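Structure in structure tokens, see below.
Chain nomenclature is as follows: A, B, C, D and E, assigned in order of appearance, with residue numbering initiated at 1 for each chain independently.
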């Protein structure tokens, strides 16, 4: 009974935290960008403007629930929920700390890859259902970008799988007791990070939205809470990728002195900030540059990385 | 070795003719003529050499043979052998072959190389059929003679040639394949009985076959030969093929291909299935008689000269069938005579038809008439062979039909009576030929030239032979005798004599 | 579910979590449906095209290049499956497995090089091609 | 995999390597001519590797492959037909708009697939081989994509082949469920003591038969054949007609012999029905065609029916007869399609019968080769087809399948009709028009003619003196 | 959570999917849907293989499934390419309209 209660509590807390974090990240991003651009950012509502998040949420809820008459209605509504659901579901496999995880799947990594590839449906269906040229173009670009980087993301993780011998994330974390995988798999880490950014179509890889050319791309026609859903999905995605990077390459909860959950949160926070920093500092590449970069550079490097890792691991015994 | 040589001469001659046709239109016909002449010469010398043996000692049945393994895994050998019957038919083959080359001398103007290639290969196939003593080999040659014949009709025939060629080919091929099935059946029954899988004729001869199966197997053989012969329900290809074929084609069809059917019955059906053969003797004779009457009646009602002659063949071959199933020496001698004389007389009629067509450009007898005055020599010869066809004493056909009727009389009285009445019909249609073409009023055909030297040679050769056969048939009878005697002995219900290669030298 | 989840946690929290996620999302969407306002503006039934009137349908034919990407994804992703399996059983397979995967990856490289060489990996517009097509266009003589 | 395994699988490895090599040649932007010659050499090398492995037969590469005499023979046949197709392709494709280079990669892959099937003794290798073959064929069939027929044929083949693959797979799954193994020999062990056929196994086998039936294009699974034959480029059609079917036949034979499927009467009855239907329907449908590719398509249906006649008795003679007939059929079909390919022009294939009018007077050599091929297909003595048919008849009669033999004979008579029609067309007409324009690629034209002449010689040789080959195929033991 | 799904049920499901696929191929006229139906059939067989493999406790079934997956992917790649061409040429995906060849 106790066990059941613990799990239920954990689930509820997790969901709550995640949704809050997603909202709170918006504030964080705006503040950080302002910081680096030498301006204030949101600073009126509440201390440091923290309450702007609540204000935004309320506003979104009361916005018109607009479904364009020319859109494919059902798909139009379902599309944004897919990405949110997929990302939220991905969190079940992340070991925040020993004992704090929902499902310790032995195919954890595959589950993560599977869920992250579901995200592409959101973009394609949303863009297509909007029946708008910008949206469609955004959707197409988004789709090709995401499925391309999907391949590299999977490949970049295989080095870690080889070293740890498991898809289970707890095993992977435990395998880093002595040495983080970022040391043995630096290339894998870099590739994964790049692929992760591309998967979440964050800046600088936000080609599906590209407001300057496609005016918000696949979600041009979206507004209100359905738009909010895409938004939540994106920020949850940042969190997810950061958490995965931490789990896979930076030893997860492992760390001296502090409680594991704090270590995990700290490390994740660093990467979230890194995401925001990247947005602030890098220009957006063209679609063709991004794709060619992926296929012509990342893919060969990822494959070579595997071979080299394999050879080293076998030589070591 | 001589036997192989005969086939090789024809086949290589054919290939050389085909190649030579590229250079010059007239090379091929010379090559063809030379090959046939060489073959005939070889055979005639051999015959003269063997004549004494045949005359004196009728035990020595097989004159010469040649054997060589071919596909040993299946017990297939390249086995050729010749007895008197084969020898006669072989000589006939080369004789008709020469005539065929001669009569297409001017007729064929296009693609001569390929034409003579086909002609020689037909002859090779026929010769092979008359010599093969291995059933597989026999079937092989049986097919080899078909394809070139198909081309001969299909390419150089007259207007309706493609249809006729198809019909000829499908009929003969279908029946041939049935025969092949029967051969295979025999092969396996023999193999299962004895453990020796072979296509050798002599070994297969004594095979013990369950009577029910034997009937089916014999029917397989019989159908193939019946189509070739042709026996009445299977004859429909014949008028078309004869009608449409070029002159040489008709000549070979009538002179040789029909003979292969009769030869097959004599050589294979009766020796391999003597018991069954006895069972079906009466129905077969009845079919033969039907053929005689039916052929004659239809011959009478034709207006197309070549078709008329074709139907006379049906009628004559009815005699052959009747004679074969009479199972006595007289009748069988008659059959052999009939084979030879029919080849000559009918062949001559076809050649005449060809010559007339060359001059008048028609085969329709309604458009002919009074040709005698125009071409007295042609008329005379035509008269001779019309008489031969009706069986005038003094000409070869008379001897043949007389012997057959005599033999059949011993076996079956009523059949003889009806068959004899067929002679009356033959008189009717033969006289009609003479009356419509050579006599009567002229039909405004204009001036037409009489025989040229080449045509004269052909006709002289044919006339001499038919007269010779009518006056002195003894060499033929002597030659065929040993084979026939054996056959008759084999057919005695209580005979234990095996029809095998007794003393081959 | 047993095979999926050999140790560690029980399966039901996963199910509960999934259900909760969907419930939450449904709630958010439906709440906004009830709370949101309604209006009907002049151009609200037209797709947004930067303020100009709609030109043609949004169901356009698009470049086959996108199709090519999809195919490349399908093929490479399937091949990744084989690599994944190898990675998982990496230690058991040892050197023979390593050699095999070397051949396999070598093949992938060969395919990649091939695709590169035939231009399947050129996603941007090809300037030379465009120029060529442009030159072929039948222009009116400016003098007339 | 030990060194010996590599040794034994040499031909397959060479083929696989060849496809990659050709791909790299394409990358190096070499000309069609060089690629053609290179692939010709590669085919010859793979073919001669058979001589190299000859001494180590039979060899088992557990659990997937067994390379025995029969397997090596089939591989040889398949590679040889790949080689011939390769030779024929230059003239055919050089004229076409589409770049012909990738064609060679696919050709190697398809050949590889067929070879893999021919030596597989496991469902997995069977399936892999089959799919390497068919997936390659999809692309090959639709290779000339500017032609409507090509695409149409491609999609028809794709849908039906995938459809049949699904049947095959489901059948395999059921059999696997029943026997607990996918290797033929283990399967046979599991079934050794079974006298009545287990229902699951029967259903599985039935589904597999549907799948195989589609691939072999036997009645009633033949509806794709004519369209695909017509729509595909001629060399590809030749490949479909020969290599792709050869591999399937080989593996089917191996499978049936291994599990001794011939003892189940229901199954044999089913096969008999299929064989009879194929022979009759194939020949009848061919009668009214005027397109030579379609004629050959229907004739191939009938020929697969003939092949089944040799297959059904399941006696020791069956593999021999099948091997011999396949050899004869391969040589013949390749020769026939070879002529069609050589005569084809840039815009259209030489498929209408009218194109063949008076061919004998224009191109006597080509006409003679085609005639000998057609006569061999018809089963006329002096040709390979006759000996093959004789072998088949002997096999079926030895085991007492009279009905099959009679139907075979009867349907060959129907078949004669349309083969003869083509021949008649070739010999009819008179040489009264202008001489043919000069051949565009004299070197490759000459090579093609030489190869086709060799095929014609093989056809005649097998018809006249088949003993060498017969005693060779008699060594085949599948059990 | 002990596995309570019996082999029969899985096979039944596979069979059902397979039949569904057959029906789809036969009834549908649109080539894309036919291709989809074929894919369903292929996956049904894959499912059957996995079930059979787990029934015997062997990995063979899964191995086969992966191969099926790979093959289906290749098939779809080519199939879609052909469909693109067909649409390009015929402006229709109706299989009944593809009757250029007479037979």
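We take it that contacts are C-beta pairs under 8 Å (C-beta built on N, C-alpha and C of every residue); 3 or more make two chains touch, one makes a residue touch a chain.
In UniProt terms the chains read A = NADH-quinone oxidoreductase subunit H; B = NADH-quinone oxidoreductase subunit M; C = NADH-quinone oxidoreductase subunit A; D = NADH-quinone oxidoreductase subunit N; E = NADH-quinone oxidoreductase subunit K.
Being a predicted model, the structure only gives us computed values, none of them experimental.
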item: Chains in simultaneous contact with chain A and chain B; value: none
item: Common touching chains of chain C and chain B; value: D
item: Nearest-to-centre chain - CA centroid comparison; value: D
item: Top chain pair, ranked by number of contacting C-beta pairs; value: A-C
item: Farthest chain relative to chain A (centres taken as mean CA coordinates); value: B
item: CA centroid of chain C to CA centroid of chain D, Å; value: 40
item: Computed distance of Cα centres, chain D from chain A, in Å; value: 53
item: Chain D and chain E: spacing of chain centres that average the CA atoms, whole Å; value: 26
item: For chain A paired with chain E, centre-to-centre distance based on mean C-alpha positions, whole Å; value: 33
item: Touching two or more other chains - residues of chain A; value: none
item: Residue list for chain D, restricted to those that touch at least two other chains; value: none
item: Every chain pair in contact, whichever chains are involved; value: A-C, B-D, C-D, C-E, D-E
item: Touch list for chain D against partner chain C, complex; value: 1, 20, 23-24, 26-27, 29
item: Residues on chain C engaged by chain D in the complex (per definition of touch); value: 96, 107, 110-111, 113-114, 117-118
item: Complex contact set, residues of chain A against chain C; value: 3, 7-8, 10-12, 14-15, 19, 60-66, 68-70, 77, 81, 84-85, 88-89, 92, 101-107, 110, 130-137, 140, 143-144, 147-148, 150-151, 154-155, 158-159, 161-162, 165-168, 170, 215, 220-221, 224-226, 228-229, 286-289, 291-292, 295-296, 299-300, 303, 306-307, 310-311, 313-314
item: Chain E-touching residues of chain D, taken from the complex the two chains share; value: 123-124, 127-128, 131, 135, 138-139, 142, 145, 148-149, 151-156, 158-159, 162-163, 165-167, 169-170, 172-174, 176-177, 180-182, 226-227, 230-231, 294
item: Complex contacts: residues of chain C adjacent to chain E; value: 1-3, 5, 10-11, 64, 67, 70-71, 74-75, 77-79, 81-82, 85
